[in-house]
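One chain, chain A, links the two complexes that follow: it is found with chain B in the first and with chain C in the second.
Now for the complex of A and B:
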């Protein structure tokens, strides 16, 4: 809670507290364009961006782009995180797997996902496949790393206690392994989601027929700054919402932690 | 997950190379299966040949140098601005209230998603590239500096007050040293992010020299061998820059030998 919100709360304007930062931003934006500090070509007034937004909403164009992007994100995330989870856990559980794959894993991790776009386009063409694969790559590494660290980090004495109590395997999983590993893995998922979204937008900017990124790139080519701004705002909003949602899941799952 | 080779794990390094060697073998085999396969899975010999050609003609060093140059220039600009803004927001409530919301809103948008906007404002130029990568470094440095300075524990500040430090002394003797680990971590992240942004920006603004510029052109010309060489060097240079940061971090914090 920023100082402005605290101030608003204290003065009895608590209903204003939540939206205050956004209102300040919007106010500054309207002021800057209204006062003519910037030429029209550089910064369009919020009203024009809003008009472009409603226009695209009405024509269904926005929904089409958005659903395409989110669809790709979902599939890529599911693929990448499940593979990452499996791989990370197996690397943590089996020394053999770790020894044989760790160096390759670390090397591949260094290559930015975006750098792989040209290779994937050459192999798979400018279709849906390469975009889903890019998201898969972007999601795979953070999740694998998180899973590896989480499973590695389970204190050995937990297992000893389990043995002393002769806990059956399923109970061990539910009461010992999952609570200790799920929170860091969810954090890994959150990071993967953020990176995947950014990578997907970049991939769509480069080569796509539909999607938020393509919408922005087309707007750029048509010199429609309002369309580009709608894209920028929506991309930011989606990123924010996804991140927030994951943070809620994280908080919920970490409830058992003694804080 | 880093290895230091000692007597216990001397067998690790060769075993870590088994999987990559195997994959290279499969690659080479696939390239011999037919012209269709050779298009995607370019024979290793041809990759090696192109590599030597690119190095000899000076193309590779020139573009690599340009990419690293872009990244470093933007790092200096964005990083400095980031440290300044981060410090300002951490030390001044007013700045935090006024600029904070704008910063956090900007941070939500994936940096590469700003490319169409910057492209419209500054055109398809070197300047646009530097602006985008600077924004990427700026965002990271601001956050890390802000959190580093904010996270200074109260007891340290109390000691400063007990010793009747002036504001300047408080800043230089207490806040800054405690914040330096955060700032150096921020620098490492900023370098990684800046490199990522450089790759993305060069793929989308294919103007001027740059590794990803030739990679994009190679993709359009369907030269898989050049694309692969570029990927290798992008990963290598990224790794190099990261190592330099780690080394710098150690030099700046001699009191943290147990890093």
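Now for the complex of A and C:
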């Protein structure tokens, strides 16, 4: 229980617990801009950010940037997570794959996705390929790692039982491997989604025709700090919503587990 | 738990106090500031920034630093990395990090439209040329040939305005192209690798031609003279109001530098001082090679009708293309008091002629 929750519950305002820190932040922001503690041109008031948001929504500009970014995220996530899943599972099931790839995998896993941006631009240029690839990379490693540890973590006796019943490979996969590994893999996906989103926005800041990151960079160049702030808030909200959605999936898939 | 919440509130209040004290630190204290800060475009080679143009000459002449020292004020040159001069200087003016800057027309219009008040106190000459480059193997010869193609340009930088003029003169709009927002350095790499079909940039276009990777298909040299982008010496209005005498010193030093540059016999020395690291002097020579613009007139600091009309057009363009949202009065961008005195003090009063 957080401090805010504790306080709110104690006073019988438990419904306030979650939005309270947000409201405090908003209040401090309004206060700071209202009192003129900091140049208004740099720390824009929340109202101005809201106005910029509604204006960009009305002109369709925001939707355009968002759909571009989410499109890249979707393709990159699908590619990265399916490749990661296949790789993680095969590394866990086959000793040969593990011996040959584990060390390289563990080295590459440590390279931050953002550090790869310049290299990817050099090889693939500034087009869509590089942005989708950076998301793919960001998604691949957490999912592969989660799949690998999940499959490795399946109790040995499950396989023994499978062998006794002479289950064919596919059935073993569907009936034994998948049910016991899905929850940890979904956790990996959740992590992957968060990282991919952050990396994508960073990549878009550098080079893009459109996208939420490019919208922010352009806002900076145009001295539209309100637009930059709209980007900051939207990036946070999207990340939050995506994470929440994955959490729901996670909870649903873990229903069978004893608590 | 409650203690934690109090701690959290403490952090918020603490942060507010820090912001407030930062604001108070900028409030008028003594009669003179400790330091006077001038920002200018800088190129980094090694660990030392290299300034170009009039600021480089001012630093070399040392007159301003000496005059300020007599008054107990330090002169600080603030390098603005050439990859993002406009935004960096605008942010500097907004957060009170700089007092003066030598930079371009469009970012200055943008920052003033954004509510940060700056004033042009001395002009930097009749303008700088800008170029449209395509990869050397491209078949395009005009901007119209590039319709539907990818063009790299760093948005909100001063060369966006001549680019918009070029489009308009050809009945074209941004939506006719895929405009990619990137700085000239990244843009040059993109031209070389074929990632873009054209780049709109400064005289680094010559460098691409020299390396046989690019071809200039158009430049403002073939356009009306007013299409050139302008830079001026800008000052924060707050600084002007508080320290008019120091402002005058900077203006005079700037005019002295321009006067030196404008002498034909100093041309070679200036070109060598003002060439960017990694770029041969021939690039700078070619940029200044212009039969229509005499060397001395090129460096005219005057705010004549020519300069004012440029800003009238620029504000209109910026507004019509949604680069700014609020109209600002172009006349309000100038504070001419210091230039008059500077011309008098430097003995350059008769040297330049106003232009209609």
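Just so it is clear, the second predicted complex is superposed on the first by the 223 of 259 C-alpha atoms of A that agree within 3 Å, B and C clash if a C-alpha of one lies under 4 Å from a C-alpha of the other, contacts with A are read in each partner's own complex, and residues count from 1 in each chain.
Basically, a residue touches a chain if its C-beta (ideal position, glycine included) is under 8 Å from a C-beta of that chain, and two chains touch if they have at least 3 such contacts.
In this text, all values refer to a predicted model and were calculated from it rather than measured experimentally.
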item	value
Dominant toucher of chain A (residue count), chain B or chain C	B
Contacts of A:125 with chain B and chain C, given as first, second, both or neither	second
Touched partner set for A:223, first chain B, second chain C, both or neither	both
Touching partner for A:24 - first (chain B), second (chain C), both, neither	both
Partner chain in contact with A:32 - chain B first, chain C second, else both or neither	second
Which of chain B and chain C A:157 touches, first, second, both or neither	neither
Chain B versus chain C as contact partner of A:237, first or second or both or neither	first
First, second, both or neither for A:166, with chain B first and chain C second	neither
Partner chain in contact with A:213 - chain B first, chain C second, else both or neither	first
Overlap of the chain B and chain C footprints on chain A, listed as residue numbers	2-4, 7, 21, 24, 28, 42, 206, 217, 220, 223
Interfacial residue positions of chain A with respect to chain B in the complex	2-4, 7, 20-22, 24-25, 28, 42, 99-107, 110-112, 114-119, 121-123, 145, 148, 197-198, 201-202, 205-206, 213, 216-217, 219-220, 223, 225, 228-229, 231-232, 235-237, 239-240, 243
Residues of chain C defined as touching chain A within the complex	1-5, 7-9, 12, 15-16, 19-20, 22-23, 84, 86-87, 90-91, 94-96, 107, 110-111, 113-116, 154-157, 178-182, 186, 190, 193-196, 323
Chain C partner contacts - residues on chain A that touch it in the complex	1-4, 6-7, 10, 21, 24, 28, 31-32, 35-42, 125-127, 206-209, 214, 217-218, 220-224
Complex contacts: residues of chain B adjacent to chain A	1-3, 9, 11-13, 15-20, 23, 40, 93, 96-98, 100-102, 104-106, 108-117, 119-121, 195-196, 199-200, 203-204, 212, 215-216, 218-219, 222, 224, 227-228, 230-231, 234-235, 238-239, 242
